[in-house]
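The structures come next, written out as structure tokens.
In the two complexes that follow, subunit A is the common piece, with subunit B as its partner first and subunit C second.
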Partner chain A sequence: MDELLLEINNLQTEFKLNQGTVHAVNGVSFKLNKGEVLGIVGESGCGKSVTALSVMRLIEAPGRIKAGEMLFHGEKGVTDLLKLSPTDMEQVRGNQMSMIFQDPMTSLNPVLTIGYQIMEPLKIHRKMAEEQAQATAVKLLERVGIPEAALRLKDYPHQFSGGMRQRVMVAMAVACSPRLLIADEPTTALDVTIQAQIIDLINELKDEFGTAVIIITHDLGVVAEIANQVSVMYAGYVVENGPVQQIFEAPRHPYTKALMGSIPRLHSWPERLTTIEGAPPSLTDRIVGCPFQPRCQFRIERCASENPGLMPIATGHTCACWVAGHE
Partner chain B sequence: MAVSATTLTPAKVKKSSSLGMAWRRFLSRKWAVAAGIFILLEIMIAIFAPVIAPYDPYYSDYTATYQKPNAKYLLGTDDMGRDVLSRIIYGTRVSYSVGVLSQVCIVIIGLPIGAIAGLIGGWVDYVTMRVIDVLSSIPGMLLYILLMVALGGGSGNVFQALSNIILAMSLTGWIGIARLVRGQVLSLKESDFVRAARSMGADNTWIIKTHILRNALTPVVISMTLGVPGAMFGEAGLSFLGLGIAPPTPSWGQMIGIYQSFARTWPHLILYPALVLAVTMLAWILLGDGVRDALDPNIRM
Partner chain C sequence: MGRYILMRLAGVVGVLIAVSFITFMLMKAIPSGPFDMMGVQANKAIPDQLKRQLEAKYGLDQPVFMQYLLFVRNAVKLDFGYSFYYQGQTIAQIFQNQWPYSIQLGLLTMGFSILIGMGLGILAAMKQGTFFDYLGTAISLFCLAMPSFVLALLLQIVFAIKLGWVPTGGWDSPKQWILPVLANSLGPVLVLQRYTRASMVDVMRSNYVRTAKAKGLTEQRVTFIHIFKNALTPIVTVGGPMLAGLITGSFFVESIFRIPGIGQFWVTAIQNRDYPLIMATTLAWTAIISITYLITDLVYAVIDPRVTYVKEK
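So, the complex of A and B:
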């Protein structure tokens, strides 16, 4: 049952800018089993999206993946995605793994029809002929809940609403039944009712196609609903990693605790929501010690000098904290 | 913005292609349509000039010089007794060949240069842009004049003169298109849909072909249409200065240039060619605006 699909070890991605090097991802590691959903959460700028783009190898200059290992268990055995040539990687993208982006309003080409764009991955990877691709596109559109799909193939993106465009993006992403689907804040640009529909759709399709999903979000509600595993990121580090229930019910890392504390609850009305004092560190500086240490209320001396790194604290639950690790 | 009722009927929208939609948007702009009809008319006039012109534009009737508009000579006659109307009709040929052909040449030169600079980037882009900066720091008219003098001006036969003018304009005019295409390519390269296509496994050739060039083409078409009046005006300016089409071949600019010396005594001579030139330019600008509104798919977002 627990068959490994993706294993990321010590992934490091940086952006060399004139103002200095931005260390966006600093040694992220996680594992993802087949058919499972991993939620990556964290505040803006913590490296969630860069991690996702790194997995897809879509980091463009001035960024580069500095180090790491991305073992993908595909049809032809285990491959390190970082060692693939750009051409081989093109075979993987859209075929074995695909991605849904944040803003459906700009992710579709305005001058091409919806049909043409859905058929794109089918033609590239499945080498389908026009008619077959068209029939498949209609099926996909129907599957993601676009009414009158056959008629709408000839429509342009501007004739679709935001929610419908995101459905089209989902259809494109699952067109070749990928093993891994990465959704980078797929609901952020949508309004609440549509958000729920898109999440449900991803959830259904994941079971239908047996796809593993990495969902990146800062919406903890989305994670609670769909994810099995959660990775909490802070300043380019994974600070806590564990099954969704444990992360939500018994968070161990001070940052995760603070995050959970800042969610409004339905049945209690605190005077004010908890906030985390201070601001995240600048990613251009070399971080010594624990990245969260300056804002942490539980810090001890050791935190300032030594980065704890992820250590196991329960089965399948790791946490990067000197204090939590020794409780 | 001005969306006619027909474009809103869902059943019709569904069956339409993008060109069909653009065509309907164009038709909903009355001034652009009027300008388009006017331009079509002028093109017909240019093609059928020998049939339409009442007189031979080269024939001098020295017994009837400087005539005011009358029943026999509708727009009067010039200093050599030639029919002004016939000369204006033949002048259409020069203006339209220069206007349209120079834009075609400009795109042929500018589009690949801009696209390559934008796509490759790095030092290729840097060098191209510096060359463009240097060229665009020289006033356009000055460059035309220098090039025309270097190329031998408008003397010799008409085709030689025309190709010299078009060459001079293309050698300076490609800058604008190259810059436009480069900017488009740069922003399209970073666009979300190109990234989305990459995430679907599309390779560079596919992305350039279907996503970048297709999107960059619309502004090029718009810029071509809007560039035509500029080129016509450039030809008129050169001919006015005596560097363009040499007499006796009539051209609007050249007629204005020659007739302006009689403007104090016979102002009607300069009036008609200037009026035709002005109205034609206005028509092209209105058409260009209409084409822009029709082709820009973002307008109804």
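So, the complex of A and C:
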């Protein structure tokens, strides 16, 4: 029986700006089992990153988490992350769950040594003394494939290449063997060969540390390679949720279908890749009905007035579509 | 690093030579000389013959270029000769007797301003849009709008005359330091508060600050280790020249509080056409500001490892 690690229910995050409220995440729900990998995919601005930052509770003003429930099955039983005090949340962050960010060039502090930055969570969460933290940091750096790790502890981020910096970020994130690792587009800023290495590294470490992973990306290739489960997001909503095989081989939501159609494939080379007419809706508007409906070629009358919400259509497979649900 | 410092010091020598030459020639170009000014102050004209005698005594009858070379020859030995105005005192004596007061006032002012200005700046950045932010803005606007000589007089009236807590002036006991330091720190507090706040706010938006938070560090740790160290560079940029300005004394504050500092000499030397003192004060300022910039540049390398003055192999 799979053990549940994280259960997100109806998460809503918004940003109050002068021009209006941006509804970045509109009731996202998903579940993640221990040791599994969930891929969150969708185009830029669909709320993937905001979802991730919400889970870490790193949303800063003017943003706020409006509603929802984030049940985390930690060492001390189940806690709702949204109900933790800021101090208690600090105990969770970097310790039980950690995050890797998109841009390795700017995500490390330029004036602190790599060693200092890796040792920080070890000292704070694991209460390690200097020497012990140092030894652990060397091991971590070696594990992520940094040559001459002991010497490089004293180096600063600018002395590392982008790929190497992302390895350092990975080492830092897994330092305290977290139960959950969130990787927000970890390979977007890297070139292709390095991308593959980083994904392989995350994949290996996940098994080694028994860590569950949420990987956020718009690269469907990455998802196919690493994820067990996939959530497809559109305009702040999850439109389809399911096992990776089903999402790729039998997508049900029209948006997911179009997304799959836009991937160039090696063996069946179409004349043109599929594109989706129109543009995503503005997130400052209140969306009535299905968010994808204005661009959808299968829409029916009901789509414009009523949001379908996620409906189960197969075991472990949910889809938010009036049409797909009733085929 | 040593090589870099030597190169920079050689540059300072070049600057000193250029500044001394330009100042010397400008000084000679202004109408009326030191002895005319004495006559003006005594309210009668000095007889021509006497003036020529005086000029001959001080070597002012020689061609200007010769005078300059003579000046350089002595200045190299740090000998600026006698003041034309303060009879019987050498320039070296004036500096020795007066400058320590200004240095002390300047350092105290700097320390106080760092504490208050940077403290308010950090607080304002951490608590953006709250009472503390507006308090910092209010205090720095006050510093901007209030001239130091007005504040100096107000402080004297309230704390020295009405309340009698501290003396009105002098520089003998720490009690007498309080009011001058307050009056002197208006500008520095303003600049440090604004720069600190702006620089901290700028750094707070960086990705690496988000990384630090994602590691579960406390807010204090994020602020003082991850943000502050990165925010220091612009603060050092304004702080270095600020310190140079402060240790060379303040005309107003020193006069109002009867501090025997050197601040007034920068101003009066020109009025009095006190040639040796003009040259000495100008060159002292040039040297101080040049060295300050050198030190500021070296401090950058200490704060930010990306800054290096040594060619990497």
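To be clear about the criterion, the second predicted complex is superposed on the first by the 326 of 327 C-alpha atoms of A that agree within 3 Å, B and C clash if a C-alpha of one lies under 4 Å from a C-alpha of the other, contacts with A are read in each partner's own complex, and residues count from 1 in each chain.
The criterion applied here is as follows: contacts are C-beta pairs under 8 Å (C-beta built on N, C-alpha and C of every residue); 3 or more make two chains touch, one makes a residue touch a chain.
Nothing here was measured: the structure is a model prediction, and the numbers come from that model.
In this superposed model built on subunit A, subunit B and subunit C take up the same space, so to speak, and clash.
Applying the stated contact rule after C-alpha superposition, one finds that A:Ser161 touches neither subunit B nor subunit C.
Of the two partner chains, neither subunit B nor subunit C is touched by A:Ser282. In the overlay built on the shared chain, the residue A:Leu151 is in contact with subunit B alone; subunit C does not reach it.
Applying the stated contact rule after C-alpha superposition, one finds that A:Met99 touches each of subunit B and subunit C.
Within the superposed three-chain model, A:Met169 lies in touch with subunit B and with subunit C [touch as defined at top]. None of the stretches 41-49, 167-175 or 239-247 of subunit C clash with subunit B in the superposition except 239-247. Within subunit A, the residues touching subunit B in one complex and subunit C in the other are 56, 58, 87, 90-95, 98-99, 101, 103, 106-112, 120-121, 124-125, 156, 158, 169, 172.
Interface residues of subunit A facing subunit B in the complex, by the touch rule stated above, are 56, 58, 87, 90-95, 98-99, 101, 103, 106-113, 120-121, 124-125, 151-152, 154-156, 158-159, 169, 172-173.
Contact residues on subunit B toward subunit A in their complex (touch as defined above): 13-15, 17-18, 21, 191-193, 195-203, 206, 210-211, 214-215, 218, 297-298, 300-301. Across the interface of their complex, subunit C is touched by residues 56, 58, 86-87, 89-95, 98-99, 101, 103, 106-112, 120-121, 124-125, 156, 158, 169, 172 of subunit A. Every residue of subunit C that touches subunit A in the complex is listed here, in rising order: 206-208, 210-219, 221, 225-226, 229-230, 303-306.
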